[in-house]
Each structure stands twice: as C-alpha cells, then as structure tokens.
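Next up: some structures, all given as structure tokens.
Both of the next two complexes hold chain A, though its partner changes from chain B to chain C.
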Partner chain A sequence: MTPTSRTLARGPVWPLFVAVAFAAVALTALVLIENQKLLGAALAITAAVCFCAARFGGVAATEVAASENPWLLRGLLTLASLAVIFVLRDDNFGLLMLATVLIYATICLGLTVQMGYAGLTNFAAAAFAGTGGYTAAMLGQQGGLPDALVLVCGGLVAVFIGSLLILPVLRTRGHYGALTTMAFGVMFNVFLDANDFFGGPQGLKLPGINLFGWDFTNDIHIFGLVLSSYVNYVILTGILTALAMIFVGLLDRSWVGVWFDVVRLDETAASVFGLKIAYWKVLAFTLGNFLAGLMGAVYAKMTGFIAPANFTFGDSLVMVSIVILGGIGNRWGVLPAALIVVLLPEKLQFIQEYRLIFYAVLVIAILTMRPDGLVARRVRKLHTEASA
Partner chain B sequence: MGMIGQHLLNGLMQGTIYGLVAMGFTIFFGVMNVIKFSHGDVLTLGAFGGLVAVWAANALGLSVPLQFIVALCVAMALTAVVGAGISHFLIMPLRNAPPLNMLLMTMMVGTAIREAIRLFFPNGTNPQRFPELLPAGGFNIGPSFFRTDAIILIIAGAASIGAVYWIINHSKFGLAMRAVAEDTETARVMGINFGRIIPLTFALGSITAGFAGMIYALYYSEINYSMGLLLAVIGFTAAIVGGLGNIWGAIIGGYLFAGLQTFVVAAMPSMSDYKNVFAFVLIIVLITWRPTGLLAERGSERV
Partner chain C sequence: MTSLSNDVLLESRGLTVRFGGLFALNELNIDVRNGEVLGLIGPNGSGKTTFLNVISGVYSASAGKISLGGIDITREKAHNISSYGLSRTFQRSRLCLSLSVFDNIALGAQRTLNNGLWHNVVQRKAFAAEARKIAEEARELLGVFNTALPDKLFDPAISLGMIDRRRVEICRALIGKPKLVLLDEPSAGMTHDETDQVVDEILGIRKSLGGLTIIIVEHEMGLIERVTDRCVVLNYGKKICEGKFRDVAADPVVREAYLGQA
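Up next is the complex of A and B:
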C-alpha cells in the first residue's frame, strides 16, 4: 500500500518475476494434475515454497518490487494469465473452475470494500449474487436486451435490492447489523424456494453470453489453434477481476480509503472530523453489492442454469470465509483464498463429500492460529514521503 | 373456528422452542459478549443424542417412561459437555478477537457439527423418525382439538425457562455468572473462579438447547441434520429483537417470532410457504425501528 517512494533505494525486480512465474506454474499444475498422490505432492511443495518465501523475506521482497513497479506487475500478471489460459486451452473443467475462482474472488473484493474497509457486516453476499443471476435469467427470457446491459442490470438490481436494506444496515451496528443481512440472506432463499414465478427449487435455464457479437458459446479459432469456449469466460471474468482489483486498489490508496478506515475504526472520531458516516457506508455497501450482482449474473450465464440452492446462506458464509482467510481488508489475499476454497474441494476427490466440514475446520484453524488471515493487511503508511 | 386452537397451540409450541434457543444466545452474550452461532447445531446434536439413547434403551428393554428419561438425560448431558468444550477450546482463546471473527468461528463450529452428523450418523442425510415417547391422544375443548403431548411439552418448556431464570437470579452460581457478566476483572478480584464459571455458563446455555432439541423431536417426531440452522437464525433473531443480554427480551422475541409465523399461516393459508419470509421482513423492519432491540440495552457511548 506504500506509495512509490522516490527517496528510498529501489529493491531488485527479479523477485517479482519469480513470484508471478511460480504462481502461474503452481496454478496450472493444480488445475491439470488429476492423480491424487501427485496432486498432494504438488500442494505440499506449493505450501512449502510459500512458507519458505514468507519465512526468508521472499514475500517482502516481492511486495517491494510490486509496489515500486505497478505497471510491470500488471504486465507480468497479464502475460502469466495468457500463458495459463494457453496451457489449459482445451481443459473445459479446469477453465470452468478458474472462471468460478475469479467470480468468487471478485464478489469477495466487493465484500472486502464492505467489511474490510467500511466495516459493514454482510452475510448475504450470495443472496446479492443470486439477485444478479436471477435478473440475468429473467431478462434473458424477455430477450431483446444486449448481454452487456443484462450483466450491468444484474449489478444494478442487486444495488436496488441492497438499497432496501440500507436503512437497517445504517441504523444497526455489530451483532445487530449482522442480523439484518443474515435475515435477508435466509429470506432470499426461502422466498425463491417457494416461488413458482422464478422457477422454484428447480431454478431457471439461461443462454450463454454474447457480448457485442462475441459469442461465448463458440470455440475460439486463433493462429490455427482451437481454444475451448470456456476460454471466453475465463477472459471475461479475468478482465472483470482485474478491473475490480485496480478499482478497489485505487479506492484504498485514495482519501476515500482513508475515510473508510476512519469510519470503520471509530465512528465517533469520524463524525467529529466532519465525515458523513452514512454517506461512506452507503457507498461501500452499494459498490460491494454491485460487484456481487454483476458477477452473479456472469456466473448464471456461464453455468447456463440458476437455482436457489446455488445461493444459500452457506454460500454467503463461504464468501465471508474467503475474505477472512485471505486477511480481511487485503485485496491480494482474496485471490489465494478463493483459490483454496473453490478449487481445492473440486480437485481433491476424497474431500468432495466433506467439503463443508473441510471449510469449517480450515477456517477454525486459521482463526485460532492466524487471526489476521493468510496475507495480513498492512498498516497504512500515510507519511512515507514526508518523513523520509 | 376449530383451527384457532390448533394454531394457538402450534404457535405456543414453536414460541417455547424459539424462546429456549434465544435464551441460550442471550446467556452467552450477556456473560461473554459473544454470539455463539453453533447453538442451533448443538441443539441438533442433543436431539440426535437423545435418539441414540432411545435406541439403546429400547435395545436394553427399558419401559417407555424410562426411555424418555434416559433420552432426556443423554441429550442434556451431551449438549452440556459439547457446549462447555466449545467454550473452553474455541471461544476462550479467541475472546479478544474482533466480534466478526468470533461470529464466523462459531458459525463454522456449527457447520462442522452439522456436517459431521450428516456424514457420520447412519443414513444421516435423510430425516430420522423420532419415536413417540409421550402419551398419545388428546381432548377437545369446544371445536378445538388439543394434543396431550403438546400440552406436556409446553408446560415442560415453560418450566425449564422458569428454572433457568431461577438459576440465574437466585442461585449462588447465577450470582457469580452475573458478576462475571457485569465486570470480569472485579469478579475475579472478588474470588470468583472465572475459568470455571465460563464453561459452566456455556454448559447451562447448551442444556437449554438440548432440552429444546428434545421438545422439537418429541413434538414433530422427526429430526434432521440441518434443523438447527434455521432454529439458530430464528433464535438469534429473537434474542436480538428482544435486546441481547436480556432474558425476558429473548423469551418475548421467541414468542413474537412464532406469533408472526402462526399469524401468516392462519390468516393466509395459501401463503404459508412464505411464513418465514414475512417473519424476517417484519423483523428487519422492527430492528430498523429499534436498532438495539425492543428491550434496549442500556448505556450510552462514552468518548
């Protein structure tokens, strides 16, 4: 989070290359390897390398290099993503999982703004995503609207539904605040289960995305290569995740981020300094819900099917777990956390059935042993340049 | 008109269960300032423990009243031990963590219990039939039919609420508990064994869950692994609406929620699938109107 500092000596750049390359290779390996023993070994090696990197300053060096060369980081990440997509080009299941991870990560970025920055509890993230998904499904049945608008509408309807909750969210705090979103999340599910208009428990079907003539259901033919149609979704979700990441990062680095922090840490102090608490809370809540609704719409379009069972209170809990697991308020932590929570149970067949208990034990372990999450949020340094 | 008695009884029954669950939430919050969301799943665990006890007692050839007593004792003992264990091993180490972490932790403990029942109980995914241990039959007052077992259960539930109230307000243990709730440091200076009071408090709160679980099982004659989740959300809602930390508030909240549900079912039978939707909407409206519950917590913010 440190702004580029001209007075400090520049660190070496190579850790950044190594880190991105390692992440790409590890990700590809985890998606590709089917053999359970090999997969276990790959996981162990990844964990060991991460642990050693954290222990011997590799992570710190990477962070310095990344904050000093933001454009190099973005370029490298783009290249690495393209490389991963290229390697996985005909692995439908792997690509679908990657896109799902990206969707979860983006929804959790929205949650990070709400919970990590502004300090609002939201136990209904899955319900807001579901709102977006159902909006896409209903608009798809009507037809006529271009898909780009349909996706945005998903986000906007989630914002609208969320705005009905704004008053209770603003008036309540702490546990009382947790209740309002929780009640909404449970209510959303009960309502959809009982309602025939929205397809009831069986849900609705919806067609794939077609953005400005770019049809997502077709395979991509490029340079004589055939890429699976799911590459489309990985690219779209990747772009959306990247945009959300950049946007949330800018938000965090700007004064708005500081104001969010003040509102979260001490409302009394914030109001003494003339901050309109309600305004910033509404902004954070709205932004988070928009991301959830938008990505929910993408998810529904991608899987071609939407049902209440995909957006239960349990799913909201999984999303909150991702945020806590990654380190609340740290936008980079969301990516590995989403990867662990979404990908691991899909890959490790023996925990498929036990996935919820696996999440539960994992989160309990993290909360007891590493309460700040995998990648703890750094304390903001506002005066590096002034004091140096 | 015959339905009114039926609805009334049903609402009272549900209100008793919700009130018992909410009372647990409010006890934990009062003493430790935590929301123990695994409470509902501890309830499920109690009901399943009772079921196993009935099976065992049946295999041993005990008479039905004895089976009932064994099941009740096992359910309450099991929940007491599990509740105390959760407080000692999971909640105490985290007591200085942010409230959100604690809430998430207990939710995950609940998920672990729920999933463990689903996966490891024989045929745990499907609902289990709970044997009828209370006298069947009933009687008519005017056009309304009243089930005997329901009357017994409501009385037992009300009695247990009274018993917990007595323990908290009139026993030495209750005095120690309230002292810890009021001011932990001072209570310890006064020689109250903090390390013992906390697990005991959690045991007490969890026993009420075990009791509620048995009431649920005996009334509906069917239990399933996920019944605790909705009960926890409703119990938490009831505790919040009443005002956290306030025993009477929790009980009022429980009956209020049951009343709302029953009203929807009675007034709009075609909408009975939506009874929880209506109840939750009303609760959200209520909490917006009174952000710290009906019987609000006292105290102002000091700068």
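Up next is the complex of A and C:
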C-alpha cells in the first residue's frame, strides 16, 4: 500500500486525472440522487471502486502523481469544484450540505493540528465552533462591524476561551487532558442552555454574510446562468478549506510540524533538546481553535440560527471521529471522512433514527479494514526542501 | 570545596536527589574537565543515569549545586539547559520512530533553527535553505560512521536496525555542536562486535570534532577501558572511587561494591 517513494522514477500522471474526476462524479451523485435504491447502488459502486483502487495500487499511484505534480493537483481540484458547483447550481439542500461538509472538514483540519500533530486530544471542538458562532451572533446584534472581521473575531474569541482552558489541559496528560476538554464541552452547552442573555435553549437568529459589499443572500448571475445563493457559501467555505489545507500542509512540512510531532511522540527527548512543551501545545491548541471558531462563525451565519443543540458534546465526538476515520494526522483524510460522517446520514433518510448506530457500524467497519484510517499518514520526507 | 577553575566544564557540589526516602544521589561532588572523557560506572541502581538526568534537567535536584561552564544550572528547566551546550543520548532509544532520520537529527539542532510561524509557513525559501544546511551537516556526521547511513537520511527511523538507531541518536546529540555530551549506555541492546564498532566510531568522532567533553555511563568495561580518560565509581548514590580505569578497577572498595563482600 505505501507508495514506494524511494524509487525516484516519475510515475504516470493519468491516475490523478482519473481520481479527481471520479471523486467529483461520486460526490455529485451522492448529493443529487434522492431515490434511496439508486443512492444505495451509487454508494456501493463508490465503495467498491475505492476498495479496488486501494487494493490494486490505484490509490498509491494517485498519491505519487499528486506529490509529483502539486500544481496540476491544485488546478484539477479547482476545475472539479467548479464543475460540481455548476451541476448543483440550483440544488439548495445539496449546496447547504456541501458547505456543511466543508465546514466540518476545516474544523477537523484544526483538530488534526491539535490531535494528529501535537497530540493534544480535544473533545470540545464543537464548543469552540459554537464559541465562534455565538460571537458572530452577538456581534451581529450590535451591528457596525464588517462581516470579514466578525468571522475573524469568531476565531479569536475561540482562541481566547481556549487559552483559559489550556491551563488545566497542560497540567494533565493523555486521557486526563482529554477529560478536561470533555468537561468544557459539556459545560459550554449547560451554560448556554441556562443563560437567557445568549438566547437560552431557543438560541439566536443572525443575518447572512455580507462580504465586502456582496450580500450572500443574492443569487449569482453569471454568463446567463442563475446560481443559487447557497453557491456563495460553498465558494466561501471551499476557499477557506483550501487555505486551511495549504496552511496545515506547509505547517507539517516545516520545523514547526517536526517539533509538534516530537512533542507528541516523546516529551522527554523534546525538552532535553530545547523544546518548551507548553509553548508548542499552546500554539497547536491556538491554531486549531482559531479554525474551529472561524468556521463556527461561518456556520452560524450560513444557517441563520444557532442554538446550544448545534454544538453538543456529541458533535465534538463526530469531529474527533472524522479525524480518526480519515487517518489521524493526514490532512487529506478529513475530506472523505467528513463527507461520510456528515452527508450520508442526511441522505440515507431511512436510517435517520439510527444515525449513531450507523456511525458506529461504519466507523468500526472502515477501521477494521483500514486501521490507520481511510488515508493513513505518511512519513514526512523533507527531501524536496532539503535538496532544492 | 574548590573554586571554579577554567579547566572544569561541569561541576557538581553536594548534589542530592531524593525519591521519597531513597537517596538516588547523595551529596555528590563530581568535576568534569574540559575535553576529557569521563566514565561513570557502578552497580545497578547506583545513581549513574540519575546523575545524567539531573544535569540534563529531566529530574530536579533536591539539594546541592550544578554548574556548567561556570553558570549555575541547578534550577534550570530541561529545555533551557541545552542552550548552555549540553546534549545527550538515552539508555533506551528515544528516537521518534515514525519520523525520518532527518527529522530526528534536526531536533538536535533545534535551538539554532528559526521556529517562527511566519518563517516556517511563508518564507519557504529561507526554510528550505535551513533544511539544506541541516541535511548537509547530518550527512557529514552520519558519514563518520562509515556506513550507508547518509543515504538513509529520509528513511523512517523505524526502518533502521538497533546499531544504526544508536548512531542516529549520537548524531542528534552532536549536530547542535554541544560542549558536553552525555552518553547513557551506548552499548545497550547491542552485540559484542557491534559494541566494539560503536567504540571505534565514538573515538573517531571525538578525533574529528576535537575537544569534545563526554560523560559516558556504561556497564561494558571493555568500552570504558578503551574510551575514558578518567572514571568515577558510584554506589548507593555516593562516589566511592575516582581515577584512571586501571586504578579504579583494582580498588578493593570498587570490587566489593560490584561483587559483594568475599
């Protein structure tokens, strides 16, 4: 399975084209198809193709092609995204789902920095996203602040709340640190439920995004086509996800990424060679919480309404399960994992009632077949940087 | 109590480490001179590794004083001590096995690298220049071992055998150009032949770096005899003997500590 990256021979490029095209078609089909039997068939075919691709080296070939042609990959992904948006242009529900998947994926990129890199288990990701959402709602009530700043403030307030929580987290290790975040996640909910100032259990309403004069409630008219207003959100969340992907990827391929790994793997060796453990954990926590808060604010503005029930401990668990399912520490894994965990329960209406059982069975099934997640993390090789 | 002379790199005075009621180190006075290889020997549980752990900041001293190059480091945290020019290896390998050899060795040079977020994420050219520099230095150091190790720079550490992992650990300890290196049982987990090989290599490195001060903890007396200039023998956390290996090995107190009373 692992790509033979020691052989320097360049692999063929076509697997990259096939993989991106297949992903785009599969994604569009899963969003569009309403007929439950047809959907089941599409799912089965997608699963079978993925399984065969993994089994017969297709995934490995794609990985090699992608790492050898990074700009081609970025171009293809942009094209494929535009194609998907074009096909789904007036499917409001599908577009909303897609944006939600991207929001979850980006929050999980933050979790990847925290858990996958620095080894800081965070069972309160939904609470941090909620912090961002409520910040956006409260700032929206005051008015006056441009939305770009409101979204950034969502991230900053999540960072601030996180900086209070980090003190007890740093004083504990492993499972106990996880318990601390868990307690915070539960507390967050209870606090909001009981507090009328934040709308209590009824929650708060907030207006849509207006970025640099462009109101996101407007449909987009372009080349004689009308795109649903939700396309605005898909484009915004898509850009944010892409930026987060690039940022987390560069972070991983830098000293910061190496030090995060060392802090996770061996605190004693890390500190003997001069790494201040607390600093690196705080940095990872801060970066991850910023992403969670930022995307929480986008989510709140997109749905136009938030309540404590949107950011429960169960949602935090879902986010952790996305990271683990995707392959902990591999930033690409969160995309298919978020798709499975967020989209499928919405689409497979007949299992709605059994949502949690579905997660459990699916996650166990996938992790049994692929113990390291859908896309296992690879060993970092900084040879391109070191030999340029 | 002697005052600091220029000749002494590391000085411990009345150094005591207590774990509950147990004295792991008991009022230990040890001087390590500039440029020497000091062997630290003694039976199991005599406090050798504890001594390395306390001077590298992994444990804190219960009493007494340690100074390195004239600077009091007794209360310094582990992550600050390396900046005074101290580095070490560990008894049980502490490489990050899922990381590449390069990543592991880069850790040893951590305090010479730019850790800023902006530099690492945005100024990629400057970062790549640093990475190239470290890769060059790492290849050079690995090359001292006369093996295929330089070609394995970007292989995961887990793919290496025991002896190569030990070599990588030694390189990690040396790449930051320390003044004092602590080697904790470099022969642990290796065969007799491999141990001989590592001894030769340590001597070779010392020659090529020149002036490096080493404290070496070891059970393998052949190794101690070949590499050390001087030995300190510990028993129950106290220094019981000090001198050239040959004299120390002949000392009846040392023999009694190792073999028990006849």
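Just so it is clear, the second predicted complex is superposed on the first by the 366 of 388 C-alpha atoms of A that agree within 3 Å, B and C clash if a C-alpha of one lies under 4 Å from a C-alpha of the other, contacts with A are read in each partner's own complex, and residues count from 1 in each chain.
Everything that follows uses one rule, which is that contacts are C-beta pairs under 8 Å (C-beta built on N, C-alpha and C of every residue); 3 or more make two chains touch, one makes a residue touch a chain.
Note that the coordinates shown come from a computational prediction; the quantities given were computed from them, not determined experimentally.
Asker: If you stack the two complexes on chain A, which partner ends up touching A:254: first (chain B), second (chain C), both, or neither?
Answerer: Second partner only.
Asker: Tell me which partner A:268 touches in the superposition: chain B (first), chain C (second), both or neither.
Answerer: Both partners.
Asker: Could you let me know whether more residues of chain A are touched by chain B or by chain C?
Answerer: B
Asker: Is A:320 contacted by the first partner chain B, the second partner chain C, both or neither?
Answerer: A:320: touches chain B, not chain C.
Asker: Examine A:146 and indicate which partner it touches, taking first as chain B and second as chain C; both and neither are also allowed.
Answerer: neither
Asker: Could you say whether A:12 touches chain B, chain C, both of them, or neither, answering first, second, both or neither?
Answerer: neither
Asker: Thinking of the overlay built on chain A, is A:353 touched by chain B (first), by chain C (second), by both, or by neither?
Answerer: The first partner, chain B, only.
Asker: Would you please give the residues of chain A that touch chain B in one complex and also touch chain C in the other complex?
Answerer: 268
Asker: If we count contacts the way the header does, which residues on chain A are in touch with chain C in the complex?
Answerer: Per the stated touch rule, the residues are 6, 247, 250-251, 254-256, 258-259, 261-262, 265-266, 268-277, 283, 379-383, 385-388.
Asker: State the interface residues of chain A toward chain B in the complex, per the touch definition above.
Answerer: 115, 121, 165, 167-168, 171-176, 178-180, 182-184, 186-187, 190-191, 193-194, 268, 313-314, 317, 320-321, 324, 328, 353-354, 356-357, 359-361, 363-364, 367-368, 371
Asker: Of all residues in chain C, which touch chain A in the complex?
Answerer: Residues 56-58, 77-83, 87-88, 90, 94-100, 102-103, 106-108, 110-111, 113-115, 117, 120-121, 124, 127-128, 130-132, 134-135, 153-156, 172, 176.
Asker: For the complex, give me every residue of chain B touching chain A.
Answerer: Answer in residue numbers: 29, 35, 90, 93-94, 97, 99-101, 103-105, 107-109, 111-112, 114-116, 119, 229-230, 233, 236-237, 240, 244, 273-274, 276-277, 280-281, 283-285, 287-288, 291-293, 301, 303.
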